[in-house]
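These notes open a run of structures that come right after.
In the two assemblies presented below, chain A is common to both, partnered first by chain B and then by chain C.
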Partner chain A sequence: MAASSRRDGGAAGRAKAERSAWVLLTPMCLLMAVAFILPVGLFLLYSFYRFRGGRLEETFTLETYWRFMTDELYLITIYDTLQLAVLATLLCLVISYPLAYAMWRMRSPGLQKLIAFIVFAPVLVSVVVRSYGWTVVLADQGPVNFILTRLGLTSGPVSLVYNMTGTVISLAHVFLPFVVFPILASMLRLDPTLREAAEDLGASWWKTFRSITLPLTLPGVVAGAQICFTLSLGSFVTPAILGGGRVLVLPIQIYTATSDINWPVAAVGGLCLLVMAFIAVVAFGRLSQYSEAV
Partner chain B sequence: MSGTVELVGVTKRFGSHLAVDAISFGIGSGEFFSLLGPSGCGKSTTLRMLSGFEAPDEGIIRIAGQDMADVPPYRRPTNIVFQRWALFPHMSVEANVAFGLEAEGRPRAEIRSRVGDALALVGLSGFAARKPGQLSGGQMQRVALARALVKRPKVLLLDEPLSALDLKLRHQMQIELKRIQQEIGTTFVFVTHDQGEALAMSDKVAVMNAGRVEQIASPQELYDAPATRFVAGFIGHANLLPVTVDGVANGLAMVRLGDLHFAAALRETSIGDMPSGEAILALRFERVRIGAGPAAEAAGAAGAGVARATGVVRQMIFGGASVQYVVGLDAAPVEITAEQPHGAGAPVFAQGTPVTLSWEPADGRLFKA
Partner chain C sequence: MAARIARAGRLPAWRHLALGIFTVAAVVFILAPLVIVILTSFSAQSYAIFPPEGYSLRWYANLAAQTTFYVAALRSLILALVATAASLVIGTMTAYALVRYRPRGHSALKAIFLSPVVLPKMVLGVAVFMLVIKIGFYGSSWNLVLTHTLICVPFVIAIVAASLANFDWSLQEAALDLGSKPLPTFLKVILPQISVSVFISGLLAFVTSFDQVETTMFLMRPGESTLPIEMFLYLQRWQDPTIAALSSVLIVFAIFLLVMTSLVLGRRKITTLQTSAEPQP
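Here is the complex of A and B:
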């Protein structure tokens, strides 16, 4: 009797818990419906419309998709978008891993906090201000070129701005915290006795790093890379300012298309971005599954 | 003693805290040596200094005759079995055990055969391909042991490796560890806070307290002849009674506890240069005999020098194989615990029963108060 009533109470409690979970999820579901599913549906619809002579015609056509797959302009844009995301992610990783490792091994908590703040600082600055800042720093007459020339590393100024190089540098700068902190978190989760055990068994620093530290912090690397890659795909202001018109990425193209009321092109461009981001998320997910399984 | 491990005046401080206070001792080759003490007594720090993860502030550590001062952990002839085993979670059992040999750059064929031998030694031959996450606690323990032993260390260091196991498994692993140690003849240095574990496995035990070594002896010697009051209280269960020594006669100390007068055997080591005054008498639970009421007093009156005290059972704790009685004495405001084997016609005394306690002069040990 007592047992059965308790079981009933348990079932009722579970149902109640489930209801309150749905209540908590409602705002998110509403937001997703209005801000994501609805626009994607509309874009899907627009992508099949015809745009001719500066006017939108509501007739079904696959013309825009065909142009995206064959027209060189769109292919270059897709290629540039991917190139920018890949390069920014790689640069971010190359800087972040040693940085996170240094922060992890650091004995002074004060210094650790200071470095964390410096890494985080670019996020606090407006993207427009930061981008114009980089154009000044990387300009032909800017401090970076001055130092490079003075050190005799280059004979004349290297073009670092209004091209892919400057855009990648600036993106890596702002996305650094999104990569550094996941990696640092995975390092802090690492059981310190594992490294001691490796050392006790005669492993050098390099062997310990290669076979223990790196594989066990790979999930953090994958998580950071995933965030950096998807954010880079959607970046607009940075390539617009630092690309100087030479970095053709999908977000810029979508922007131009919407100002021309060319909804079909904007829609297909947007769907293109969505597919790329989706593929990236799946691929990184696979990678992190693998890195956790090993 | 050939002295595989030698510590001379080894001291370690953490800030102002003196973790290890000028300890000196030697460990013989092939010995199963335990460092026993309560948590914070410095036993783990001592082990970490032997492994090289901590450097002593003062003193010398020699292993196999060589000064270890500037030798990093990865070059020492020691290997550790860590408390939580620290197996590499992303590697198979085989890769875990092979790790140390790969670090040495051994040929592949040698690694294969040595890893196979090590896994056979710990009884895990069929588990080579498993990941640590797929093993039980006892199996992980064995992998950690194999991983350290495969390196053929001169000294194997074990940092409370059994403390994470449940009781049954712990007993099983104690026997297993002892068997392996005897089979390979490596010197084992075993850190534990569990006195039962230390007594059961060790050839020699160093009892540590507050950074100092209280006594180094065989388990039997520790039990029968504790050198200090701390050891007497830490090893086994003992009543520590505040007594007054009135004098010495015929190698016996005349001792007073409240209104109770009795004799206690005097040992040079136990009382030192202080034959009179306040002292502590350590009396093991199981050395105190218990009999029913004042009748027993008359019956046993023949025994010369036997201490005898009447009292009332305040508490009876039934432990299966034995029963403990906490008895409040009539002659003094103290409680004495007596432990009796259960069964074989031994009477059981309920709470409130008047009883007589008795013990031989040789059963008690005197220490400075």
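Here is the complex of A and C:
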């Protein structure tokens, strides 16, 4: 900012910069107010109303909150949402870390670039298409069951779709690029002399990995896990297509409640989702501070 | 050099082999659902079975007869282009203001502007739906344009702000000192330098808007849906490979976008891609 102070100089220049900034920020502030703060505010207001006898009653009450905390159906929904997000994040990490490691250690830059493009490519394909693809891959008569039966590993088809298993696999596929690239970035930032020093001092591969590579790439792992976890919490299309009605997550519950004009329940469900996402962001923030301190 | 070869020689080969096998398996995992969709689209059966028992083009013929998909695709394309253009303009202005002028509390402002990313899309869609019903604005195209722009704009702010952070402002100073007006200076001096970031964020914005289901679902009048919603609703009713044929067409479209991207990025290193991941809240 040395350049701007040379040009403007002093408090008057500071005030001018401040004014220019706010002129440029006006459209974004208007957009935030109209499309974000206003609707979400109204949404939260609806959580204090109630739905009775097929009608929406606009009276202040905590009834919907109470129902949400006591009704078993809603507790199962919250549990399923968390379970799906945790499992999808774990599967994503298990695939992403070795893949990013392999990309990092590749000698040929051409091959590295090719793999990077393959990892990135599915982002450009609709989630509906990818989820549909997984229903075919994992179907009872699909290729996975075909190979399993041919190898004699199973007698009958293993049911992989229209349940939690298929939803987790598909969700991990959807968010894979968002986990691979932050991990790869943290590996590329790693100072190569550290590893070389450790190896020259006679440390084994495992020891070098455990005491240098892994701790120094943890911030990338945490960043990737945070993106995967928060996005998984809010996922709707994949559980709707691959869950077959057996994976009851909050976004599906919000969708159904909104369709039934039961807006208070949709609002409390949405608030629940927001609180979970917020806790996740704070927790991962703490985790990332901790991982950087290691 | 000698040391490196010696060290490479010491590495046991099995670890490289294991990493290689894992990479191949991961690539198979990434490409499997896309390849199987293309394979199924040429199937002769009305249900998916592996390996397919015969091949035909009947699902492409069926797809060609479904005019709702064309109209929906056109609607999605227009919406995505408008939302991308709007988010590029608003996002670049915001990123520029935050990085160049550093207003008071600029890092807090940036966090607030990026916060729509954390908001579950279903919540935003339902919230906007309730608002437009409440104020009697239901069915207007503005609802969709504004919500899609809000979803896309954080990508632009995060990516463009990152590239402006390393910008050499003396170039702009020189142009302004030589009497160039602020806007032409921006277009001729700054924009060419950040064009790759603008392109990548625009691509991500386009893809995000084109693929939106959750936020769009309640805001469209019945029978006026976008392509991903039409596909989603079709899948709820039928399971035949028509959707595989349509998916194959979309995969070809994605490959076209990818080729365009690699042409634009040219010989740049893959490090430029890392910033393209989801902006972090």
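In the analysis below, the second predicted complex is superposed on the first by the 277 of 294 C-alpha atoms of A that agree within 3 Å, B and C clash if a C-alpha of one lies under 4 Å from a C-alpha of the other, contacts with A are read in each partner's own complex, and residues count from 1 in each chain.
Just so it is clear, a residue touches a chain if its C-beta (ideal position, glycine included) is under 8 Å from a C-beta of that chain, and two chains touch if they have at least 3 such contacts.
Nothing here was measured: the structure is a model prediction, and the numbers come from that model.
Once the two complexes are overlaid on the shared chain, A:Thr230 sits against chain C while remaining clear of chain B. In the superposition on chain A, A:Tyr290 contacts neither chain B nor chain C.
In the superposition on chain A, contact of A:Ile212 is made with chain B only, not with chain C.
Look at A:Pro27: by the touch rule set out above, it reaches chain C but stays clear of chain B. With both structures placed on the common chain, the touch criterion links A:Asp191 to chain B but leaves chain C unconnected.
Shared-chain residue A:Glu199: touches chain B and chain C both. After overlaying the two complexes on the shared chain, residue contacts for A:Gln141 are found with chain C alone; chain B is out of touch.
When the two complexes are superposed, the chain touching more residues of chain A, out of chain B and chain C, is C.
Overlap of the chain B and chain C interfaces on chain A: residues 199. By the touch rule above, chain A contacts chain B in their complex via residues 191, 193-194, 196-204, 207, 211-212, 215-216, 294. Against chain A, the residues of chain C that register as touching in their complex are 7, 11-12, 15, 19-20, 22-23, 26-27, 29-34, 36-37, 40, 47-51, 89-91, 93-94, 96-98, 100-104, 106, 109, 112-113, 116, 118-124, 126-131, 134, 146-147, 149-150, 153, 157, 169-170, 173, 176, 204, 207, 210-211, 213-214, 217-218, 227-228, 231-232, 235, 243-244, 247, 250-251, 254-255, 257-258, 262, 270-271, 273-274, 276-278, 280-281. Contact residues of chain B toward chain A in the complex are 51, 53, 72-75, 78-80, 82-84, 86-91, 99-100, 102-104, 147-148, 151. Across the complex, chain A meets chain C through its residues 1, 3-4, 6-7, 17-18, 20-25, 27-28, 31-32, 34-36, 38-40, 42-43, 46, 95, 98-99, 101-103, 105, 112-113, 115-130, 132-137, 139, 141-143, 145-146, 170, 173, 176-178, 181-182, 184-185, 188, 199, 205, 223, 226-227, 230-231, 233-234, 236-237, 240-241, 250-251, 254-255, 258, 263, 266, 270, 273-274, 277-278, 281.
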